[in-house]
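Two complexes, one shared chain (chain A), two partners (chain B, chain C).
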Partner chain A sequence: MEEFLQHILNGLILGGTYALLGIGLTLIFGIMNVVNFAHGEFYTLGAYTTFLFLALLETNFFLALLGAVASGILLGAICERLLLRPLLGESIDTTMLVMIGVWIAMQNAELTLWGGVAKSIDHPFPQPPLTLGPLSVAPLRLFVLGAAVLLIAGSHLLIHRTRLGRAMRATFQDRETAALMGVDIHRIHTVTFAFGSGLAAGAGALLGPVFVVYPAMGDPAALKAFVVVILGGLGNFAGATLGGLILGIAEELGAGYISSGYRDAVGFAIIILVLLLRPSGLFARAERVG
Partner chain B sequence: MRRVGLGVLGALLLAAPFWVWNPYYVHILIMAGIFTILALSLNLLLGYTGQLSLGHAAFFGIGAYTSALLALRLDWPAWAGFVAAVLVAGLAGYGVGKVSLKLRGAYFVLVTISFAGVIYLVSVNWMELTNGPLGLPGVPPFEVAVAGLFELSFRSKPAFYYLVLGVAALAYLVCRRLVSSRIGRAFIALRENEALAESVGIDGTRYLVLAAVVSAAMAGAAGSLYAHYTRFVSPEVFLFTYTVTMVIMVVAGGKGTLAGPVVGAVLFTVLPEALREVTSWQWQMLLYGVLLILTVFFLPKGVVPALETWLRERRAIRP
Partner chain C sequence: MLSLEGLRAGYGRVEALKGVSLDVRPGELVTLIGANGAGKTSTLKAISGLLRASGGRILFEGAEIHRLTPREILRRGIAHCPEGRRIFRTDARAIREDLERVCTYFPILAERLRQVAGTLSGGEQQMLAIGRALMARPRLLLLDEPSLGLAPALIETTFRIIREIRQRGVTVLMVEQNAYVALRMADRGYVMETGEIALEGPAGDLIENAHVKRAYLGG
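== the complex of A and B ==
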């Protein structure tokens, strides 16, 4: 039982960052209709920016996290302006191919820049784990969970409580009508992509110190983001949050009770099963017919 | 004119081992041949039915492992392993196609990625069968022998080149025959407008599964050739890099054309080798990514259709 609870706690911690990744991806898909295969690279970018700030510029840890999010936002905005805006209105396959190109280019740029050797990020939290009754957790991991929860809550407020968020939701529902109502679609697209990329970079910055940083780390992360989005239904914010937590817990249980070699297979299995049995996601309301 | 050109090209290809002296260049030609088969196979799905499979390396790897395991564990002759690789990959294509072709677009792409991911993890973790990340060394060379009658060895590079050339030509002919048949027209109809195609009686899923089976079987053939050529198989055959390379070859060459994948495969096998002198591997991959983006922006149909248009316009200008 204690072991089980420990797995659940570890799963929640991982799941929080998976949710961050998933929310970014699901917003980009829902609002822009772009399948962002480069999403994992913004996660990698966040991790490396944190490393850059800490190891080379020797700044404060929390400043490094902010810098990472900012780098994601900035590069996301550039990417949208340069590559996606000219292709507005093209088929989803076209933008998908472009994003695959961005993915390959970014990953290998990181490999060229930083080399293939994994790097670890120092953090100011004490090493010995805290014990909460039967459970134990590293302070850093607890911080990761807290930061992820804050970011998710912030995103929720942005989307549901602000004027910008309302414009984003309007664009999601109907792009043409939103444009007719005076919503600047171009701006919404740039903001959405920058925001999603910023969240991914944030997730990378948070998990970077927990694991190690290496150029291909974005691939499993992107996969997890896709799993989360599929679990929650494409374009579904609350679904992505729940989906992230479910994936985190499922992975921990799978690795704990089945085999750690197949940890990543949990994600693949979820994708295949959900898409085949319930393609609109676990949390979609029953679709109307006709 | 066109016939003469093709004849000259055919003669040059057939005589290649005689005018290409450097064994390294023969090696590049062999790899170009293997990738031609792969690109043709992916083109059948991506170009003609319009379904992007990002798990295509899985079928390549399944073919390679089938050949290697049958040769190493059961002492099957290489040709039998080749046939088995084609069949097993085709069967896998049937299974994957049957379940995943209920989905379209991004969903289909994700299921194919997941399938390749699962197969990769199995190849790494199922130590007893696949020897895990260490791979399977010592795959025997491709030899066809009938006891006491004759023996045909493809151990040398030039001999293997002819084998690959033969299989690639066969793959091309299969594609050409298929595409110009009723079935090929059904593929194209499904690509252009699925609802309309189904309204005139084309069973979408059935034709798409057929395309998946043929495509997977061809990729399996390429995998088997690869295993007997490099004589070593490891989980790396499932690497996403292979799939990406295939996609770039098809998209840059011209998807939905017969010559496109061939041109793309040759171009993107020779280009990295030529660049190897000047740049490192990761710069090449970086360049691949950039090239893919540039192709989508400036040559959305690919090199071959662009060339055809250019030639036609030139001819139209002349009296």
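== the complex of A and C ==
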């Protein structure tokens, strides 16, 4: 039982960052109808920006995290303005190919800039794990969970409690009618892409210190994000949040009770089952984008 | 107030509007009738900025508007109530706020509309869609098929409300399949056929026109 609870806690920590990745991807998918194959690269960008701030600029750890999120937002906005806006109204295949190009370009830029050797990020948290009754957890991982929860809650408030969020949900439901109501569709697209990329960069910044940072680290992250989106249903914010947590817990249980080599296989087994049994997502009847 | 001069627009390679010219003067109720695919909805979409003009001009109160975004056109005072109502279904709270304001426009409907929150009937949805367009306090209201999919009694109510809106000083350009009713209430009418204006004139004359009778009035 104690072992089980420990797996659940580890799963929640991992799942929180999966949820961040999935929320960004599902919003971009749902609102802009863009399959963002470069999503994992914004995750990598966040991790490297954190490294840059800490190792080269020698700033405070928390400032580095903010810088990482800001870099995701900025590059996301630039990417939308330069590459996606001219393609507004083109088919989903066209934008998908463009995003595959962005994926390749960003990953190779990272390789050129930082080299292929993995880097580790220092953090100010003490190494010895905290013990909470039968459970033990590294302080850094507890911080990662707290920060992920904060970012998810903040995103929820943005989408459900602000005019901007309402405009985003309206655009998701019916782009033309939203435009007729005075919603600036271009602005919503820029904001959505910047926001989703910022969340991905935040996830990378949080997991960077937990694991190591290397140019291809975004590939598995992007795969997880797609799993989360399929689990939760297209454009479904709450679905992506729950889907992330479910995936994180399932992976931990799979790694713990089957074999750690099967960690990633668990995610794909879930995907196959969901696509066979509930192709529109586990929470298909829930409200989409919000 | 509004004039279209040789307006051309289309979807990809398909040209939906092949040089449409029409005028709406302040205070008028003008109707645009025609068969399916004649370009009525495309005309309204071009006016509200959803469809880019590929040629010709659109003037609103003397200024060109065909290069503006839908948001800018709305700000200038043109609201478009789209075909098929297109209400936002899932945000019950937003719907309720809208409804309260719709009620101030149509006091007769107030009580009935307050009873419903999330699930509205077709007629109530149409009221909501028209009311929503009126939220922008437009000077020109574009209505696309306001009677589509409504029961006969509700069609009657909807048209009565449109007449009331017009009496309150809002100029109306209305696309309607139901040619007879539309021409009965309009000042002037335009008949569209395959992307062009085929006939125009005072609504009373169009009702008597032999071609219109044969093609659109079932006579």
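FYI, the second predicted complex is superposed on the first by the 285 of 290 C-alpha atoms of A that agree within 3 Å, B and C clash if a C-alpha of one lies under 4 Å from a C-alpha of the other, contacts with A are read in each partner's own complex, and residues count from 1 in each chain.
Keep in mind that, in the parts below, a contact is a pair of C-beta atoms (placed from the backbone, for glycine too) under 8 Å apart; a residue touches a chain by one contact, two chains touch by 3 or more.
None of these values were measured; they are calculated from a predicted model.
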item: Partner chain in contact with A:Ile13 - chain B first, chain C second, else both or neither; value: neither
item: Which of chain B and chain C A:Ile104 touches, first, second, both or neither; value: first
item: More chain A residues in contact [chain B versus chain C]; value: B
item: First, second, both or neither for A:Ala179, with chain B first and chain C second; value: second
item: Partner chain in contact with A:Leu223 - chain B first, chain C second, else both or neither; value: first
item: First, second, both or neither for A:Ile159, with chain B first and chain C second; value: neither
item: Touched partner set for A:Arg169, first chain B, second chain C, both or neither; value: second
item: Footprint of chain A on chain C - complex, ascending; value: 48-50, 69-71, 74-75, 79-80, 82, 86, 88-91, 94, 132-133, 136
item: Interface residues, chain B side, partner chain A - complex; value: 50, 52, 99-100, 102-103, 105-107, 109-111, 113-115, 117-118, 121, 124-125, 240, 244, 247, 251, 280, 282-283, 285-286, 288-293, 296-297, 300
item: Residues of chain A defined as touching chain C within the complex; value: 166, 169-170, 173-174, 176-177, 179-186, 287-288, 290
item: Residue ranges of chain A touching chain B (in the complex, touch as defined); value: 29, 35, 83, 86-87, 92-94, 96-98, 100-109, 111-112, 219, 223, 226, 230, 234, 259, 261-262, 264-265, 267-269, 271-272, 275-276, 279
